[in-house]
Amino acid sequence: MIQDFLFQAFAASAILGAVIMVTRRNPVSAVIFLVGVFFATSGMFLMLDAHYIAAINVILYGGAIMVLFLFVLMLLNLGHADWRDLRGPVGGLVGGSISIAFLGVLTRLFVGGADARPVVEIAGGALREAAAEQGVVGVVARPLFQEYVIVLEVTGVLLLVAIVGTILLARGERT
Amino acid sequence: MSLGAVTGSGSLVATALGGQEGAGAGFQPVLPWLILALPLLGAAVNGAGAFLWRDDKRIPTIVGPAALLGSFAVVLLNFIAMSGAEPHGAAVVGLWNWIVSGDLRIGVDLQFDPLSMLMCMIVTGVGSLIHVYSVGYMRDDPGYSRYFSYLNLFVFFMLVLVLGASFPLMFVGWEGVGLCSYLLIGFWYENREYANAGKKAFIMNRIGDAGFLVAMFLIFTAFGTLDFIPVFEAAEGTLAYGGALVTGITLLLFLGCTGKSAQIPLHTWLPDAMAGPTPVSALIHAATMVTAGVYLIARTSVLFALSPVSQGVVAAVGAGTALFAASIAIRQYDIKKVLAYSTISQLGYMFLAVGVGAFTAGVFHLMTHAFFKALLFLGAGAVIHAVHHAWAHGEDGHGDARHGDPNDMRNHGGLRKYMPRTFVFMWVATLAIAGVPPLAGFFSKDEIIWYSGVYGTPILWGVALATAVLTAVYMARLMVMTFHGRNRTFGHGGVAEAGRRLHEVPAVMWAPLALLAVLSVVGGWANIPEALPLLPTVEWLHHWLEPVFAPAIAVKEAHGFAPEYRAPAGGGEALWAGVSAAIAIAAVVGTVRALSPKPVPTEAESEAPTGFARVLHDKWYVDELYDRAIVRPSLALWRACWRIVDAGLIDGAVNGAGRAARLLGWAGGQLQTGRVTTYLVAFMLGALLVLGVLS
Amino acid sequence: MSEAGLAGALGVNGLIALFVSAILFSIGVIGVLLRRNAIIVFMCVELMLNAANLSLVAFSRMHGIEGQIFVFFVMAVAAAEAAVGLAIIIAIFRHYEVVDLDRFRLLKW
Amino acid sequence: MALYDGHWILTALVVLPLVGGAACLLVPEARAKTVALATTLVLFALSLPLFWTFDTAESGFQNLVSIPWIEAWGISYAVGVDGISILMILLTTFTMPLAVAGSFSHIRRRERAFYAMLLFLTTGMIGVFVALDLFLFYVFWEIMLIPMYFLIGVWGGERRIYSAVKFFLYTAAGSLLMLVAIVTLAWIFQDGSGAWSFAYDDLASLELGRRAQLWLFGGFALAFAIKVPLFPFHTWLPDAHVEAPTAGSVILAGVLLKMGVYGFLRFGLPLFPAAATDPAVVNAMLVLGLIGILYAAWVAAVQPDAKKLIAYTSVAHLGFVVLGVFGLTTQGIEGGILQMVNHGISTGTLFLLIGMLYERRHSRRIADFGGIAKVMPVFAFALVVVALSSVGLPGTNGFVGEFLILVGTFRTHPWIAAIATTGVIFAACYMLPMVQRVVFNRLDREENRTLTDVNRRERLILAPLLALILLIGVWPGPFLNRTRASVEALIEHVETRTASAPPVEAASVEPSSVEPVLIEAPSVEAASVEAAPIAAGSGATPAHISKSAVEAGEGE
């Protein structure tokens, strides 16, 4: 019961945080609220028995990536509010309608899609049992290093390429 | 030249013709190919000479006339051989297959029959004389070699025209002579007028040639062959008498004739053709090429005999042209123009003759006309030559512009004193053409007048008679203006200077004149009418040509042709011969009497004629009419085709399509703003679409 | 029936998670389209990624652990993307001295 | 002659220019022209025996070679020669050395690429004439387009880009439809027999319904009509000709324009006999040809640019050829083929001559000349002879072709032929004034006084052309001989197939009671179903080809 309440609280704060983040003129406060959203979703991950994902969501997203954003904001000295940042009514109308359309389509997709598929036997409980058996990390690590090992390695290469690319791009024209 | 092929191909034709060929069995042509080869060789040698030894005049001087004389000698041999063989039918000599395609076979076959031999005699005989004359006339021309090359080539094509045993081969000669005519009219191509005249001649001839071509197609479709002998033999069986097909064929052929022989409505090129050197006018535009139309009708006499309508048209056009051209000739000042219209008029006579069915008379007049008209032209050439030299060898060397046109008779006058020989020869020719007995023209023209009345209608007869009067008048006027009275070459007061400068032409020029003068006298004796049996050669030409024209006469007789031999106004041939001779003499004498006392103004002094005389002087404004009604509208239409249809409509559509594509591309390009947001919107709409379709 | 079936498979929380995911994603969309600042647009993209992750995790309760594995990879790629993206923004800023998306039209040659 | 049994020769003719072209790209700039000339001369020498050893009695294909290429789709490298293509091949190999030699002093930049393009173009042209597989044919057809595009676009005159693009788009637009038609044809064949094939004999053995024939014929016809070019698809030609370098114009006139009519003869008539003899189609083609003859002559007569004038005369001449082909008589088609050769020679020479003038004077405007005969007598002589050939004066090649065409067409369509005959008048109306204004009249321009007559190289180029003009004019036998058997077989094929086609459709209907229009196949689908049964019967044909190919292999 308390868990359900917590979950719904996380959900509500995630939505709230997202709304605030989108509407902030000051980029730094947008970053702060985004970090809040990430924390809220991490909480939801936890409640959904994805403990490992919850952890790295906090560390990776909430920590590393958002800090990176902050660094860039500071580096470029963009940390102040800008009136021109928000679009006018036309942009709002276009963005709003597309957004609402997305909401509708996604909702229909989730509901209808779930309806179309046969309900699989693995319920929330099964995942929890596996976690109890293999550990919170193990339940993710086993398939990762067994079935998906090649994908994992490729991801590693991708990160390497990203590192090189980032350095090259960020280094600029200096010779 | 493979003789095996010659006889082989020839016999092929002979067997195809069956028994008819038996008539020609007695006559085998001697060296037939040499007749053609010599002028062609001459043309080639002289043509090469025009490039290689342009300044050396010895080679063309020898080769040019020699090629013709050689050819004439061979023709003469054959002529004698043919007259020795009785009956003298047709012999066909095949040289090689020209066009063979499906059931169409056109051989390079030569047909030797009385008609073609007679024509060959005229072409090579008169041609030889004119070649010799040209040696003198063209002596100082820088294009001497080229001239002889063209002239030889012309004779070659003329012989092909005459000897060709099929319509297409005749057409080769037909267009070939047109080409040479074009080249020779525009011989002095630096003068734009002259070059234009050549072009005009070619194009007007082409109009007729198109008719000739379509006629050939009709013949081939009807007969399955284009060889003369099979066509003529099958004609009566294949074509209905007076039917549309034969009328169409013959009228189209006649269209070809009007082009080549300068009959109404395609006559306007011939006067302009006088731009060429005068011997050319004599050979091509008087004696030979322009008579090809008459020859064609004579050759296809069977077909024409089958179509009374066409015959009527031919006769009417011939008579009309004769009168029309004669009326113009009366008011011309250019000596060559007078002769040109005279030629058109005389050709009209010939068409009148073949039109009413007097084929022999037409060919007879063709022959005598070749003699006296060539003589007239060469004489005129001598006059022009003399006047030109008198002017050109003046103090400043080139006085043409100062003095005027050497062709203009107003610049002549009194030449009798300076050019006595030419004067005599010219009078012989004049009397011949006027129809004064016993000269050539009397017999031939009288025959035409007689038959136009007997075979034709009273109107044709009247026109023929009227034209005879006009002929005598304009010729006498020409003689008076040129040779009589006082000399005006150096103005009215320049008689003394004229005496120093004007001379008789050299022997190489007057000798051919003399020979032609003899022929102009005796030429008519070849066909003495039965009514006037003065010589043993009564109806000789008639008999000679009988094998050629007998089928046509037979056709006509089979369809109710039975003329009564008396003139429309009554009386027999002898009577009317006497009458027409009297008319001619009276007209000549009258004109000389009337004109001689009158002083003639020089070219510079004379005023433009007025009234009806002006209409005649300006040739009834036919050229202007054609220019306004045909040439200019055509050019306007053609320009419109180019500017409006081609560049406007079609290219407009094409370029419009291109522009439309570019516009579409530009419109599409406008979607590419280059801003991320635009693409994001598009991307999201796309994602929505995909998701929407999926769900 | 579908509501009950889905709720039965995912639990009520799972269902809520899916709706939250949809809402977060839509908010991300509106942010991307509404903001001119490249960095904030970028952040909204991260928000959308996170929303997607949320639905993956929710469905992993129904279909098994692969959902979480996928999330792992998404995060790895997102990290790389964030790094490269920010580097690009820096490079652009260096050149134009501005991060307003409407000020440059680099996608058109 | 054992070595020369002909089977390798066609392939050699296709490949050699490719090799030569590559060699041109590799050798130093100054050597390129020599390599190109040598290649084309060898090519001509190689093709001559093809002419001598041609069996005039054989109506089918000779020197057949067929090697599978893309077997899954039934595509093979099949080449052969018959009476329709032999003269075209010879014309190509004859024209090429002259075109190359004619460019020696004209092309001064990027010589290597220029001569390589010429040689690549040769491959395409010969390939089109020898290909007996429709796919192969299409490949060569398109190969041809590219070098020509560059020849015009790179070495052309001022508006070269516009002209090159126009040329390319026009041609490509047509040929794409043809590709659709080819693939459809192969698909219909596959539908009936179960196997794909693009082989000519296979596809020619299909018996299609009338409606299907009309559609497919339309696809081919548009491509060919543009290439011919028939009015109103002709406007690319004047532009392309005017802007192209001399060699380009010579090849364009000499060979490329023949592709259209060749296509009609090789594919249009035999593959779709019912469509090609459909009165509406025939009349449309004849009328378009007729319009081409008259209209192009008129437009030519008022052109101020000599090259453009000659370009329009090409339209007129090709109009005659189309007339002959669709007159569907032996004389008409033979005349048409011969006239293509004639046009190639005469018009090619005219372009060479104008090119020579342009090199000296850098102008093509007729008004800029006059009296040239005085300073360039040999040139004037050549121009007059060629002009006369172009107007079809008897004794030159032009007459033989025109006469046969007209006499042939007259038998089936007298009125059209009769009107077309007036074309000979208009021919004189455009050609003679041009000749007069260029070589005759007074030499009144100072710049023209210093013009030099044609040099020895140019004389060597002109001599064989002039000789051929006269030779074909007086003795066309050897040329007509070689076309006869094939042309007669073609007409027979078309006639028998046309005669046999209606009963197939009319079988179910009372022949007398129903209008022919009503018994047409209702749709393309229905037509293709009709096509199905016969395709099985044609199984013998590929065997025939492969058999002769095997024999070919053994022969060597």
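Should a chain be cited, it is by its letter among A, B, C and D, assigned in written order, with residues numbered from 1 in that chain.
FYI, contacts are C-beta pairs under 8 Å (C-beta built on N, C-alpha and C of every residue); 3 or more make two chains touch, one makes a residue touch a chain.
For clarity, every value in this text was computed on a predicted model and none was experimentally measured.
Asks: Any chains in contact with both chain B and chain C?
Replies: Touches both chain B and chain C: A.
Asks: A-B versus A-C: which has more C-beta pairs touching?
Replies: A-C
Asks: In angstrom, rounded to a whole number, how far apart do the mean CA points of chain A and chain C lie?
Replies: Roughly 6 Å, centre to centre.
Asks: Centroid of chain A to centroid of chain B, CA atoms only: how many Å?
Replies: 104
Asks: Roughly how far is chain A from chain D, going centre to centre by Cα mean, in whole Å?
Replies: Measuring from centre to centre gives 69 Å for this pair.
Asks: Could you state the distance in Å from the CA-based centre of chain C to that of chain D?
Replies: Computed value for the inter-centroid distance: 64 Å.
Asks: Pull out every residue in chain B that's touching 2 or more other chains.
Replies: 681, 684
Asks: Pull out every residue in chain C that's touching 2 or more other chains.
Replies: If we look for residues of chain C contacting two or more partner chains, we find 29, 32-33.
Asks: By residue number and range, which residues of chain A touch two or more other chains?
Replies: Residues 94, 98, 102, 106, 112 of chain A each touch two or more of the other chains.
Asks: Can you give me every chain pair that touches, using the contact definition above?
Replies: Result for touching pairs of chains: A-B, A-C, B-C, B-D.
Asks: Considering the complex alone, what residue numbers of chain D touch chain B?
Replies: Per the touch definition, chain D meets chain B at residues 166, 169-170, 232, 234-236, 295, 298-299, 301-303, 329-331, 334-335, 371, 373-374, 377-378, 381, 388, 393-395, 399-400, 403-404, 406-408, 410-411, 414, 417-418, 421-422, 424-425, 427-429, 432-433, 436, 439-443, 474-477, 480, 484, 488.
Asks: Over in the complex, which chain B residues touch chain A? Could you list them?
Replies: Interface residues on chain B, with respect to chain A: 681, 684-685, 688, 691-692, 694-695.
Asks: For the complex, which residues does chain B have touching chain C?
Replies: Contacts found on chain B: 672-677, 679-681, 684.
Asks: If we count contacts the way the header does, which residues on chain A are in touch with chain B in the complex?
Replies: Against chain B, the touching part of chain A is residues 94, 98, 101-102, 105-106, 108-109, 112-113.
Asks: Residues of chain B touching chain D in their complex?
Replies: 50-51, 96-104, 108, 168, 171-172, 174-176, 179, 182, 186, 189-192, 195-196, 198-199, 202-203, 206-207, 209-210, 213-214, 216-218, 220-221, 634-635, 637-639, 641-642, 645-646, 650-651, 654, 658
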